[in-house]
Every structure is written in C-alpha cells, then in structure tokens.
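As written, the chain order gives the labels A, B, C and D, with residue 1 at the start of each chain.
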Amino acid sequence: MYSFLNDYSECAHPQILQNLVAMGTEQNVGYGMDSYCRQAADLIRQLTETSHADVHFLPGGTITNLTMISHALRPYQAVISAQTGHINTHETGAIEATGHKVIEVFSNDGKLSPELIQPVLTQHEDEHWVSPAMVYISNPTESGTVYTKKELEALSSFCHENNLYLFLDGARLAMALAIEETQVTFPVLAQLTDAFYIGGTKVGALFGEALVILNDALKKDFRFNIKQHGAMTAKGWLLGVQFKTLLENGLYTALGRHANEMMAPIRKTFVDAGYAFDADSPTNQLFPILPDELVTKISSKYKITIWKKTDDTHTAIRLVTSWATKKEDIDAFLNDLNNWI
Amino acid sequence: MYSFLNDYSECAHPQILQNLVAMGTEQNVGYGMDSYCRQAADLIRQLTETSHADVHFLPGGTITNLTMISHALRPYQAVISAQTGHINTHETGAIEATGHKVIEVFSNDGKLSPELIQPVLTQHEDEHWVSPAMVYISNPTESGTVYTKKELEALSSFCHENNLYLFLDGARLAMALAIEETQVTFPVLAQLTDAFYIGGTKVGALFGEALVILNDALKKDFRFNIKQHGAMTAKGWLLGVQFKTLLENGLYTALGRHANEMMAPIRKTFVDAGYAFDADSPTNQLFPILPDELVTKISSKYKITIWKKTDDTHTAIRLVTSWATKKEDIDAFLNDLNNWI
Amino acid sequence: MYSFLNDYSECAHPQILQNLVAMGTEQNVGYGMDSYCRQAADLIRQLTETSHADVHFLPGGTITNLTMISHALRPYQAVISAQTGHINTHETGAIEATGHKVIEVFSNDGKLSPELIQPVLTQHEDEHWVSPAMVYISNPTESGTVYTKKELEALSSFCHENNLYLFLDGARLAMALAIEETQVTFPVLAQLTDAFYIGGTKVGALFGEALVILNDALKKDFRFNIKQHGAMTAKGWLLGVQFKTLLENGLYTALGRHANEMMAPIRKTFVDAGYAFDADSPTNQLFPILPDELVTKISSKYKITIWKKTDDTHTAIRLVTSWATKKEDIDAFLNDLNNWI
Amino acid sequence: MYSFLNDYSECAHPQILQNLVAMGTEQNVGYGMDSYCRQAADLIRQLTETSHADVHFLPGGTITNLTMISHALRPYQAVISAQTGHINTHETGAIEATGHKVIEVFSNDGKLSPELIQPVLTQHEDEHWVSPAMVYISNPTESGTVYTKKELEALSSFCHENNLYLFLDGARLAMALAIEETQVTFPVLAQLTDAFYIGGTKVGALFGEALVILNDALKKDFRFNIKQHGAMTAKGWLLGVQFKTLLENGLYTALGRHANEMMAPIRKTFVDAGYAFDADSPTNQLFPILPDELVTKISSKYKITIWKKTDDTHTAIRLVTSWATKKEDIDAFLNDLNNWI
C-alpha cells in the first residue's frame, strides 16, 4: 500500500549512502570535530553569506528544538508559538520538560505575525507572569504554508524591537526555499532570524538537522547543552557527510522542489474538483477537505493521515510527498482519484 | 488610600497572633511533625468526614500547586486548566518549571466542565502528544465564580472515567463554602476531588495553605517533594497553630462569609446602576465594567486593579474585600460611589 | 524533655511578635513591595556598607538556596559544595531538581579552600563535563566551624580568577558574626561574596531569610525566579517587619552571640572531661564524641541528635543551643552532665 | 596518524551499510513501529531467553541513560553510580538536568558491590535526603573492567532486597560478553537487571543502542519519554536494520571479541615490560601507567588519550581498539613499542 503518510518514509538519497560506504574504515575524530562537519559548516556559511554563523549538527528535529530553545531562555522565560507549532503539539511537551512555558497563539494558517504576538506581550506585564523571550516559527509551517520575505522582515523587526529571539524550525526548509516567489533564501534567513535549522531528516538524509546560530548571544557554550541533552552524535561525521552531500551542487533545494512538484498535480485535481483545503499549502503537504466516502476510498488503497473531522460528512486528510516520490506513483494515484471523484 | 487590591493586604486574624504570642519559648519539633499540625490535621479529617485524608501544610499557594501537581504527574504528563487558571497565568510558569505542560482550555467564566475537557482528550491521542493526567480547577475561580455540587459531581465522574486526577485550588475556599446554595461543603470536596487545598493566606492567616490528599495514589513520599521544593517550613507548628485557630469553631467559613458580605452592597450598587460585569461573581471579588471616567474617579481615592479594557470607553476593574474589611470602609466607598455614578 | 535538637524549636523573638500585633488591620501592598521590606533592605545596605546591593526576602533556607543557585547557573553549569554542605545533604536534591549537578568536594571541617577546589576545575575540562560556575559555602558550616576573613579573601580571589560565583549560606550567620576574632563582618561579606543570605529562621524569626545580591550579573529578573519557585510571600511585609526588627539596634548579632554563649560552658565541660569532637565548632552547634553509655544517659533526659557512630563504643552527637535558650536550662544540663561524666 | 582514541572512530560494519543500501526507496512507517525494529526486538527476546522484555531503540548512549533513568525515578529519587560512572562524568550532568541527583560512590575499579552501596542507604534515612532508587553500573566499566555472573547476582539480590532498580549500561556490552569466563550472557543480564542496553555505537553500528526493559514497573508509557527527550528516531527502521544485522549470526559478540583480541598483544607487551595499569582491564580499553618519555614517543606517532598523571614522572594513558582495528595496525604499533620500551 503506497504511503502518503510523510516525507521520512524512505531511507536516504543514494548519494548519501554512497558517500558513507566510500568511507570504509577511515578514522575520524568524534563529536562533530571532524573535517566533514567543518566542510559542511563552511558550506552553510557560504550559502547563507555570513562568516559569523555557528553551525551545529543534531540528530533530529525535536532535540534540535529543545536544545536551542532551552539554551536561549532563562528559567522564567517562555517561547511563543502558533497553537499548531510542532513544539506545542507533536513533541510530547519537550520544551516544558526543559522548564519553559510555550505560550500558544491562535493562528488560522499556522503563521505568526506582529499583530498576533503583540497581545501576548501586553498581557505578560510583570514577574507574576512568565517572560516571553523567543518566537518560534516553522517554515513551511505544520499546515504547509510558507512565509514571504516581507512577512519575515516584519516579524524580525518586531522581535528585535521587543527583545524577542526569532527561531525558525526548518524541518522542511527545502520545500520552502523551492517556492521562489516568497524570496526567502538562505541569506534572507541568516539576516532575519537569530537561529534557524536546515532540516535533513525530511529532505533525504538518514537523520539530522543543521542548526545555524546567528545571534552571538546564543552561541556561548552551546556544545555543553548539546552534550547534556544527549544530542551529540559520537560519530558526528555521519552528519557532516550527509549535509555536505545535500548542500553541494544545490541538491538540497532540488529535493525540496521535487517533493513540491510531486504534490502539484494532486492539488490541482482537488482544486478542479471544487474541494476546499484546511490550509492553503503550496508545498509537499496537502490538507484537502473531502467527503467521507472519498476518504474511505482513498484509505482503502493508500496510507494517508486523517487530519480532522470538519463537519458531519467531511474530513480533512493529510497527504505528503517526498524527495523520493516517483512520478509513476503520483500518476497511479491521480488515475485512482479521477475514477473516485 | 483604602485598598481594594486583594484579600491579603492585612496581617492576620487577632486570634492567630494571640495564639502565637501565647507560645512563648515553648519548644516544638520541626518540619510539621509537631502536635499543633497533628491537631489541625485531625480537625480537617473531622470536617471533611474522612479518616484517610493526608494533610500537609505548605507556606503559600503557588508552591502548593507546584508541589502537588509535580508529585502527581509522570514526566510526560500534563495538567488541564482554564486559560484563566492561576497556574496558567499568575505563577510565572511554575508548573512548566517542574517539567509539565499546562494545557489551557478556554472557559467563559473560569470554570471547567466535561464538555470543555473532552476535546483535549480526543486531540492528545498518542505518545507524540503530552498525556493529560490531571484537571486543575479553582473554587472560587480567578473570576470569582463558584462551582455547584452538581457541577463538581459531573467533573469528578468525568475525571474518574478518564483517569484524570481532579485537583482543586482553594486559595479562597472559605468564600466558596460561604455560598451555601452551591451545596459545596468540606465533605463534598473530600468525596469529589483527589486533592484540594484550604487556603489560609487569603483567609486571615499570616501565610499557609492546608493541602488535603484524598487519593491514596498521590500520598506516597509526599514529604520528600515538599522538602525538595523548599516548601517544608522549619517551624512547621506556625502553620499548625494557624489552621487549628481558623478551623475551630467555624472561624474559617465565617471569615469567608464576612468577605463576601462586605462586597454584596457594592455589587448591588453597580447592578442597580445598570453596569455589567466581566464575570458573575457572588464572592469577594467583583469585576464591574465601568465607564473610563468613573474608573478614574474611583482610582483617585481607592486602590483598585485595572483588569482589562473592554471597549474604547469602558474598563473592567477588580475590587476585592477581605476577612478584615470593615463596614465603615464599605459605607464610605458606597457613599463616594453614589456621588460618582 | 528539654530539646537540644536545633535552633528553630522556639517561636520567635517577642519583639517580632509585638511588632506584628501592632500592625492591626493596617493595609500593605503585597509581594515584598511594601515599606517595611524597603526599610529592612535599606538597613541591610547600611550594615553591609554597600549602596548597590539587591535585597530579597524569602521564606526559608532551602528555597533561598535553590532560587539563588538556579538563577545564577546556565543549564549545563554546576555548583561546587563540601560533601557536608546543606545543599548536598539535607535538601532532598533541591538543586538537582532545578537541573544542576552539585559537585561534592571532600572537606574535613566543612570548609572549602582554593586547594580543595582546584582539582575540580582541572578535571572538568570540556563540554563532556558539567561546567563548574559557582562555589557554595556555609558560614558557620554544617559542622559549626567558621571562616576567617583571610580564608574568605583567599576563596574570593580564587573564585574571581576562575569565573566562579561565590555564594554564602548564612542560615546561622549571626552565630558566625558573633565570633569577632574571625574579622568577618557584614561589610566583609559584601566585599567578598557575589551573594549571601542573612538567616532569620534560626536566629529568632518566625521564618525567612534575607538574600543579598552583590554581583550585578546575578540581579536581573530575580523576582521572576522567586515567584516561579513559589518563594514570593504574598504578605511580604511579614518578612520586612521581622528583618527590620532583627537588624535594628544590633539584635541580630546579639541573638547569635547568646546562642554561642549558651553552648560555651557545655563545650568546656566536654573538653575538660577529655572528650574529642567531630568538628572544632566555636558556635552554637557542638559535636562531642562520647562513650555510648553517656549518650544513652543524655538521651534519656534530653532531646539530642545522634550524629554518627565513630567506633564500636563511641558516638558523635549534635547539641544545639538557640537565641531562646535560658541560662537555667544550661545549668540544669551541666549539673546532669557532671553527675554522668 | 593512527588513532587509539576510541572505538567509534570508524563508520560502520560493511554489512550494515549494505543492508541500508539494499532498502532503496522502500517505504516504512516511522518512529520504530516498522518490521525491522520488530524483528530486531524479537531477536533480542530470543537471545535473552525472555518473552516479556520491552525493547526500544535509541540513537545514543547518553540519551538512553537519561531517558531510562528519568523514567524510572520519581522527582525526589536518585541514582547511585561509581564516581567513574559515565553518567557521573562524561555526560555533562544529563541526569541532573532531568532533576535527579547522582549519588557517587568511590570504587577502585569502577565496579559497584553491595558493600559499597550499603553506606549510602544507611545515610539517606528520611525525607530530608534524596531517596536512592536505582543503581547504575556499566559493563564493561569505564575502566575496562568486567563483572562476573556471581558479582552481578550479589548486586541484583541486594538491589531487589532494598527496592533499588538495577540498570546496566552496555555501551560496550559486546566486549564484556566476549569474556566468557565471567559467565555473563544475554540471559544472565535479563535475569539479573531491571533494564540494560546493548550498545551499538561502539560495536560497529552507525549509531544506536537497544534498550531492554525487563521490570514491568518500568515499561508503562516509555515511548512518551523517548519522544519527549527527542530520542525517537523518525526513520526508526535505521536502528532496526542495524541491530538485526548485528544480532543475527553472532556478529555482535564476534565484533566485541575482535576488539578485545586486538588489544591483547598490546597488554602483554606492557605487562612483559613491567608496567602497571590504572585498572585491570581484560577488554578493548587499556590504561597502562608509563614513563612520561614513553608517553611522548607514543603520542608523536599515535593518537592516544592522556588519562591522568599518576606521579611526577608517570602518566596513565588510554588506548582503545575497535571492531574495525586491523591486525597490521596492531603489528605496526607493537613494532614501535618494542623499539621504544
């Protein structure tokens, strides 16, 4: 049964595995102090056009979020997130487990803006409240939506004026970068955020995320926090090799574009059939709201995620394509869809 | 300037101070193992008509909440609270600092019900989400509203069926117990909750709250947690003497009734003048929504809390009376009010 | 049965209770923002001859330690303590509960010195180890010993050179200050430590400690941390009134001196009888090593603490006198002792 | 420069990489719910001769330790470790960061015994101390020493009698299992511990450890804790494939035996030359105490770890061989050694 469950269902891009196999019994120093990690970090500094970025490679998204956020915040400080933010939903309270409140803000499309954040600042007026100190956003969001450069600029200015760090979760960053009309690029991210991460797990790596810290205030002693949270990979070069592979020759964004392009004809099919969407996603996640009978049919032949009931007879589902999705699988699905709709 | 800021502006009921003075240089063992604490605990077991309750005396409300909640929850478990709940607002993230998420539920009147909680349980479906394990309510709520026995019964049954502990914050419990038509009494609380506390700080004590643990599963090793959080008062008998004084001869509820009664004519005055309220409180907290000019007048002569702007020309304020409020102070305020309205 | 168990067995100095009674129904603002706290803080700044100290009043020793230490340390930093330090023994892991390792150093007399600390710094070389960032000492120590000014100067210089904060737990500070030959005074403490606290609970207060923060780096947002840990007393003036009373007219040091003086003849008696001590304490705690039969006799008529077995036939006990100990009680005990020895 | 720094300097056993490459774009469900993880878990239940073990695959040693220990302990409980234990030294306070004290016990050889643990239990007598609830051991220890079956039996009985969980860190378990005279086997570990882990990172895996939970009390909701700590690998089958490969056909123990055998002639050389050792290790770690000139010579040509100065002219070094060490590399080193000694 073909799976549209997520974008981490397949192993890793062949070039990554090939580069690992080629290592043979070559010896490398541990804990990310090797030359592959150094090269991958240099590459990231080049791509982001910033000489001062600190780059750390961590094994997964949740642990990157909790390590970065707990490093940035003093004990009584909190992070602001959309109610749909990954840290507020699918991370089993990982941020709270490090002692910090996630202040949730209701957002219709999974994105945050100065207008949505200002009331939080107004409310948290003194030491009887937690002190908001960071804004967490995802790009693409958990709803598949993306920020424009302009939106990020507004958010960045607002955060700067209000002493809030801006941290961007890029678990699927490649898919956002592939939407060129947003004008969001690596250098833009480096200019507008205090830290962001370049997701590998969902973009063809075996595992791993590259955390890019721009703000000097967040850099000190970061490796202590990585180690303390069990996030320092002994064979750190595994991450260095993977990110070097992904970021050389534009492979990373190409994989994101591929994932988006595999979803495009599916989106078009639902649009043409007149179905609405739970969120307006131009990326590799799609949230069509469908009649329950159609959901049943799709489920009988494909693995999909039931997202939520939207009314008595309709359900929003989630479909995800990946760096590894093949055109023939999409064609087969479209063929089925056209029969069912 | 007379203060309606809160119910902990005055020192302590004279009988409490007198009983402390009477101790002279009497020696007592420390950490709550003395005879006064034992007597106060026995009194609470009598009043609640339960032989099996564990009773602990802690120095304040926030530390009682964080000690009880962190004791009850496993690391990945969370507590459900109204968005207005004290633990979700005015405790500076104390619960999150112990590692636990507070799942906020929007409530119009500060109260929770099975209907409001059910969606949380539905959403938190597996190990990618925190696991809701406790419901936190306040009675009276932070909005001054109170639960009826029937409402507590429904909540208690729902919690029991769903493996949720029910914990009741009774910082102002005396004021709730004084509203007899709710039929909520000490025995009712003991039957329907897994733990609750009898607030002293806001009912005439110097400081201190009496935590009553009913559910055996929550009792084990509780003193370890008290000590670890710095909540074990060295001169524990200070708390024993105070609660013995408050709970003998009905003083506790009498003080709550007095606080409520001092507020009653103020409420009537605003009602008669046609003003609305931010919450429908029958207790010693009042939240009238007033024209800004009237707020300015009141503020010029009385200390009050500006609660929130409700529209361009109106503001909700908070007024609080206490166990120590004198009738002549209320009369003077009513006199001013009648001139201003 | 007369108790030598500790110095917090009696209620409070009569002047304190009298000042509280005198408040009547006077209204004060809460949370330590009142005029009594301000006056007590001013008094402390005068006594310590420092205009820049921040002063906070907290309800007890453990909570003062955990609030101060967790405020000073980043998540991966640790505090160094003698193995006998209160935070390493009798606080139920309160520091670790805030996420920080207590690095224990073996000390014969409960005191720390540069020589004892240096090996810890050498060992903790990189990010695979916690990062030592604070030294915690008590004065008097838990063994009753005291630091000289010279010892504190050496420790202070060493800490300063090694980027370690120096924090002094003064739960029984009055008893140390009363030993004049050490030349340790309030101004000396303010010059040599980054923070210290003036203990009230064990020196005649009902409860409470006055935390004095000297180092600017430790001051920011401290009230957030107090509130988060449930250490912000609602009726904060209770602490202000008590410390104002203790620190006016030299009452504080006088009470410490009294406690020491009550112990002096007991010490002399044991010395004259040829008994050794587990620690060489000049203060109000005494740790004589006695034949087991003598321990049995003393225990039959007095409450004492069994400290530890020192060999098959001897036991070290702990005796403590207090601000409230009466000369006649000591005379009676000496009389018994002379009969038994 | 050839490295004897550790046993995680080389990538992964070729069979592991080959099996990953063979997956192609095969789709698998995430988070360890796939068939490879199921097969690897079944294999572990077979090898340990226990039908009831829960098996979880985590990405590294530190995160396995902190997830298991924090799951087992209530907030006020502590874990006992040798002072040399990995959790007490090289994990940057990871256990304390989850809120728990590591009680260190001094051990000469890195091993614990009932005799060493009993004094801790005696000392921790009431709620003013943390409550010891788990014993953490490593096999081999951080000193390269190994437990015999008899020693583990004594420890296991002692723990059982004293309500202490026994948790065994098997980061290098293969090297211990390869020492057959200890009679410690997979079934023995399953019978005598409450939980242990089978280390992959140091035995030829890319990364990953297999945690085996035997005690039912430790099993409930463990996946919540894995997820909360960011230890749930999205592409969980990466771990399943690796452990399936390692545990089929005895590869795992064979790799441990190989690492040990590569070290044997080096040990013999130092023994024959009359050098002492910092610990008596029969496994793949060696701690010879050498004259400083010899250390300088070795360091000039090989990467080694300086362990500690033992006197003014001698230094203990650490040498480690691995699953990937080649006989020719050892021969070359022996040749150099014989010239230098």
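Just so we're on the same page, a residue touches a chain if its C-beta (ideal position, glycine included) is under 8 Å from a C-beta of that chain, and two chains touch if they have at least 3 such contacts.
It should be emphasised that the depicted structure is a prediction, and the values quoted were computed from it without experimental measurement.
Novice: Measuring centre to centre, with centres taken as mean CA positions, what chain is farthest from chain D?
Specialist: Of all chains, B has its centre farthest from that of chain D.
Novice: For the chain pairs C-D and A-D, which is connected through the larger number of C-beta pairs in contact?
Specialist: A-D is joined by more C-beta pairs in contact.
Novice: Chain C to chain D: how many Å between their CA centres?
Specialist: Centres of chain C and chain D (C-alpha means) sit 42 Å apart.
Novice: Per the centroid of Cα atoms for each chain, what is the distance between chain A and chain D, given in Å?
Specialist: Centre separation, chain A to chain D: 34 Å.
Novice: Where in chain B do residues touch two or more other chains at once?
Specialist: If we look for residues of chain B contacting two or more partner chains, we find 75-76, 91-93, 97-99, 127-128, 130, 224, 227-228, 232.
Novice: Which part of chain D faces chain A closely enough to touch in the complex?
Specialist: 2-3, 5-6, 8-12, 14, 17, 20-21, 23-30, 59-67, 91-94, 97, 201-202, 206-207, 224, 227-235, 238, 324, 326
Novice: Inside the complex, what are the residues of chain B that reach chain D?
Specialist: Touch list, chain B to chain D: 31, 70-71, 74-76, 98-99, 127-128, 130-131, 221, 223-228, 232.
Novice: Please name which positions on chain C make contact with chain D in the complex.
Specialist: Touching chain D from chain C are residues 75-76, 78, 89-93, 96-102, 104, 127-130.
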